[in-house]
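Look for chain A in each of the two complexes below; its partner is chain B in the first and chain C in the second.
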Partner chain A sequence: MLEKVLQLSLNGLMAGAVLAVPAIGLTMIFAVLRFVNFSVASHMAVGAFAGYMLNAWAGLPAWIAIFGAFIAAGAVGIASDHVALRPLRGYSALTLAIASIALNLMIESAIRFSFGGRPRDFAIPLRRDWSFGFLHVGPQQVENAIIAAVAMALLFVFLALTITGKAMRAVADNPMLADSKGIDPDRMARLAIGIGMGLAGIGGMLVGLDTSIDPLVGFRAILSVFAAAVVGGLGSIPGAVVGGLAIGLAEELSLLALPATYKSAVGFLAIVVILTLRPQGLLGARASA
Partner chain B sequence: MTNYLIAMATFGAIYAILALGLNVMWGMAGMVNLGIVGFYAFGAYISALLTVKAHAPIALGFAAAMAGTALMAALVTLGITRLRDDYLAIVTLGFAEVVRIAAENEIWLTRGTDGISGIPQPLKSTLGSDFNLVYLIFCLVILAIVLFVLERMRTSPFGRVLRAIREDAQVAAFAGKNVLTFKVKAFAIGGALAGLAGALYAHYSSYIVPEIYVPLLTIYIFLALTAGGIGNNWGAVFGAFVVVFFLESTRFLVGVIPWLSAEQLAALREFLVGLGLLLVLFFRPRGLMPEPLPRLAKAKE
Partner chain C sequence: MSHTRSLVTRRTALLTGAGAIAAPFVVTTPGFGQTGPIKLAGLVSLTGSGSPFGPNSRLAHQAVVDQVNGAGGLLGRKLEYLAEDDQTNAEAGVRAARKLIDVDKVSAIMSVWASAVGTAVLPLCWENKVMLLGISAADSIAALPHQGYFVRTQPHTELQGREFGRFILSQGAKNVYLMMPQTPFTQTVFDAIRATVEPKGVKVASTIIDGKKTSFRSEIDEMMRASPDLFMMGGYLAENIVMAKDLFRANYKGKVIGFAFGITPAFIEGAGKEAAEGMYGVAEPAPAGGSAAYASLKALVKRDALDTYICQAYDHANLAILAMAKGKDASGTGIRDNIRKIANNDSAMKVDNALDGLKAIADAKEIKYSGASGPCKFADNGNIIEIAFRTTQVKDGKLVEVKS
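Then we have the complex of A and B:
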């Protein structure tokens, strides 16, 4: 029993690290733009398919293709936001959220139109699991967790040390004050969306490396991603990391009691529990209207 | 062709009841429900299980579908109505997914992905080939009743309080209204209507399966309500028929662009649904039939 718990915890932490990446993207866009952007799901798919093309068609190794996933999803994010969501700024957060659902459907069906709906696999070598005593880990899982950790570390360096990163945090903290200090809110919004959706793209590709990809690869994961962001506290980036790990752990440990098909119900349960007990999330500051 | 039109009109009526349910929650009380399809599925399964497994009369199935879904909707909202709208959106979206997952996996109860077949159709044996037409009339009568009741509700004190909560919950609370009770009631009424629509569908098609209840259906209903006019019951009905007409007319795209595969056409159709919703938000945010507001509010604009 203990061995099983340890094994599941290990799997959960690695899955959680992957989950944390798109959750940071979601929470970052929320922090700067103040609405829940549901199109994160389709941008995960954009990243996954861009990475797939570089990996399976152009023959690049996965850890290089991941840069393509970031750039493609970030670029699509900025462009689609400019066309579809920016004209609606100033409407309520809810209108924007609904518009982002429409956008999500459009991007997903555009991918399905171009690539079809069947699942595709990345061109990665099958490798034997590594064993440490009774613990087993897949090399790809470890590589994914490392890629996720590096992406998060780079983001923290950017936000903590660069002027632009500080400016972005200032906008998230107090948009009016930031504006009066001469920080261009439009530029910061574009940057938050570019980075946020880029991170969603990385997350989508990592999920795809672990399983397979199709146009709905992001949508299937979105409940877990939302759960990670909400549990950590919507708008808090460290919260999204903690939330991602917590949801990853909870989903894996649920296997002790529930069939695997109920995994995504765990995310829902976590959202309901945290909103009832601590609406601002583990590390968040604001939740009530 | 007549059969086709009858089927489409039946779908229009069922979607209209769903849109009316969403209108009570979102249009009147300002609470978004991205999981309306989950309540629709919940109602369908309650009525189907009661009539197929327990051989209950169909009328009891309908009543239980409405009551059960209303109760479920009240439970879902109880703890979270004081939160921001976007949180409610996430929770309801998750709820619908959980309903679908449960329907897929609790095979002992729902027969999983095989679905439930042989759901009794009212008076099918006596009506024979007239069943579809009679059932359409039945759906339209129910739609008319729902519309009448909701129109009364909209202009009643209860409807006014809901609108007040929608505009500013704090002011409504300050005026002595128990905001939480009103919100839960509105959600329960909307949920009951979604359950009613679910039962109507189950006893029409005689077969339900979890894969029908995908989030795309929720988007159709949102498109119906936003296009018709959020807050306007007549708009919700009008929008639902517009959406069914729009979805069906895109089927004839096959004739215009024959070189596309079936999957590409399906994708194109979904793309157009998304585009339609965006365009409505851009150019007609209050819908084709904007909500009729009392004089005073109009003068302020």
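Then we have the complex of A and C:
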């Protein structure tokens, strides 16, 4: 039993590390713009397909293609937001969230129109798992976790140490005060969307490196990504990391008690539980009245 | 003057009112207004898990319709073919079927592939008296109260499960693990396999997985703990690719089998040759390779080899057209009432394409349509009768037919 629990936990942590990357993107956009942008799912697919083109078609190594995934998803994120969501900024968060679902469908359809619906594989060798006693882990899983950790670390450095990062945090904390200090909220919004969707793109490519990609690669993950952001606390970047790991662990450990077919229910359950017991999430700040 | 004007206005109003009341009755009278094209639809999977097969179905439908139109049409009218993408998704399938039925007013919907889509769309068909000629194999579909508006050319899933059981026994497996995503036919297949192999002493364990997840690593770990000598990977294309990779990483050494619709060239490409090598595709209905219909279809679509689904789509179009011709009725009810007259009559003149069948019917001959996918005979509940299966295997990165 202990062996099983440890193996499931290891699988959960590896999956959670990958989930955390797009969850950070989602929560970062929420922190600055105050709405849940569900088009994160399609931007995961944009990143995955951009990475695929650079890796499988152009022959670049996967770790370089990751940068392409970030840039492509970020650029599409800024452009699609400018066209579809920015004109709706004055409306409620619910309106924007619904519009983002429509945007998501359009981007997924565009990818399907361009690439077709069949799954595609990156040009990377398939490797056997590494074994450590009774535990085993895939080299690709470890590499994905490392890439995810590096991406998160770079983001924390950016937010903590650069002037632009601090300005973005200021907008997230108090947009009016930030505005009065001369920080351009539109510029910060574009930057948050670019970085957030770029991270979603990295997440999509990481999922694809371990499995395969198709236009719905992000759609399949979005419930877990959203649950990770909610559990950690919408708007909290450290919370998204904690939430990602928590959801990854919970989904895998649920196999101890539940049939595998209910794995998706774990995300729903986590959202319901956290909204009932601690609406601000594990690391989120309680909203002031 | 004003009195006359008033009288005419009232008469006009009465006539208009009477006409409006009578109109629905008039336009639904059989034979009235049957001057436009006869509409046949393909509800095919152009995207999603069924996308490797949907475009071929559309191609076969269109080819048959063009062939019949080229020879003068049906019942003095042109045929019109409409295709919609069900996205291999029940919700999208219902929306597409609604459009085909409510807006386009089609007589038949053909070649629905996924069972989830077939299950969702069939009630719309029987409620609107539209014939559904399907592929969807879940047993539960034929059990719906479809009033005869349903036939399928794909063997139902209990038959497929029994074929899996037969194959498992032929491989001498003693310890088997079954893994399938949740579908309308998962439990039926599991039960049929168990019923076939357990009496022979084969140990069976099974898991139903959540097919929407991006990884099945922990589920594969659980399977590995059971040390099976044969593993049934019963997913569609996307799930199979992920499972095959996880099997390779976990260094699984036993035999791997799956539904033939999930072990395809696209699967080999997606999973990689190394991971796919040696896997078997089981329970695929064997096309009637030596039949005249198969040869006709090859010539029609200019292909050297045909899979079962393009053959079934070709048969759907031919069956619908010939049933309408037989009953001289271009409605869905006409197809329902006449399809067995042209499909099940073994003593009648055999035909293998719509043109020959239409000519024979015009000459007042009884016909038996024998298709590219098989004999095409139907039970009262719509299930296909008489079916042959084939098995394929991935060898050197290619899919080849093997004896089993």
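As a working rule, the second predicted complex is superposed on the first by the 285 of 289 C-alpha atoms of A that agree within 3 Å, B and C clash if a C-alpha of one lies under 4 Å from a C-alpha of the other, contacts with A are read in each partner's own complex, and residues count from 1 in each chain.
Keep in mind that, in the parts below, contacts are C-beta pairs under 8 Å (C-beta built on N, C-alpha and C of every residue); 3 or more make two chains touch, one makes a residue touch a chain.
Keep in mind that this is a model prediction, so the values were computed, not measured.
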item	value
Clash-or-fit label for the pair chain B, chain C on chain A	clash
First (chain B), second (chain C), both or neither touched by A:A149	neither
Partner chain in contact with A:I71 - chain B first, chain C second, else both or neither	neither
First (chain B), second (chain C), both or neither touched by A:L60	neither
Winner by number of chain A residues touched, once chain B and chain C are compared	B
Chain B versus chain C as contact partner of A:R128, first or second or both or neither	second
Touched partner set for A:A170, first chain B, second chain C, both or neither	neither
First (chain B), second (chain C), both or neither touched by A:G138	second
Which superposed partner A:T211 touches (first chain B, second chain C, both, neither)	second
Touching partner for A:S264 - first (chain B), second (chain C), both, neither	both
Touching partner for A:R112 - first (chain B), second (chain C), both, neither	both
Clash-bearing segment of chain B relative to chain C, given 113-121, 167-175 or 293-301	113-121
Residues of chain A at both interfaces, chain B in one complex, chain C in the other	112, 116-117, 259, 261-262, 264
Complex contacts: residues of chain C adjacent to chain A	46-48, 51-52, 181-182, 207-210, 212-215, 217-219, 221-222, 225, 237-238, 241-242, 245, 248-251, 266, 269-272, 274-275
Of all residues in chain A, those that touch chain C in their complex	4, 7-8, 11, 15, 112, 116-121, 126-129, 136, 138, 207, 210-212, 214-215, 217, 220-221, 251-252, 255, 259-264
Of all residues in chain A, those that touch chain B in their complex	35-36, 84, 87-88, 91-95, 97-99, 101-106, 108-110, 112-113, 116-117, 219, 223, 226-227, 230, 234, 259, 261-262, 264-265, 267-268, 271-272, 275-276, 279, 287-289
List of chain B residues in touch with chain A within their complex	32, 34, 79-80, 82-87, 89-91, 93-95, 97-98, 101-102, 104-105, 169, 215-216, 219, 222, 226, 263-264, 266-271, 273-275, 277-278, 281-282, 285
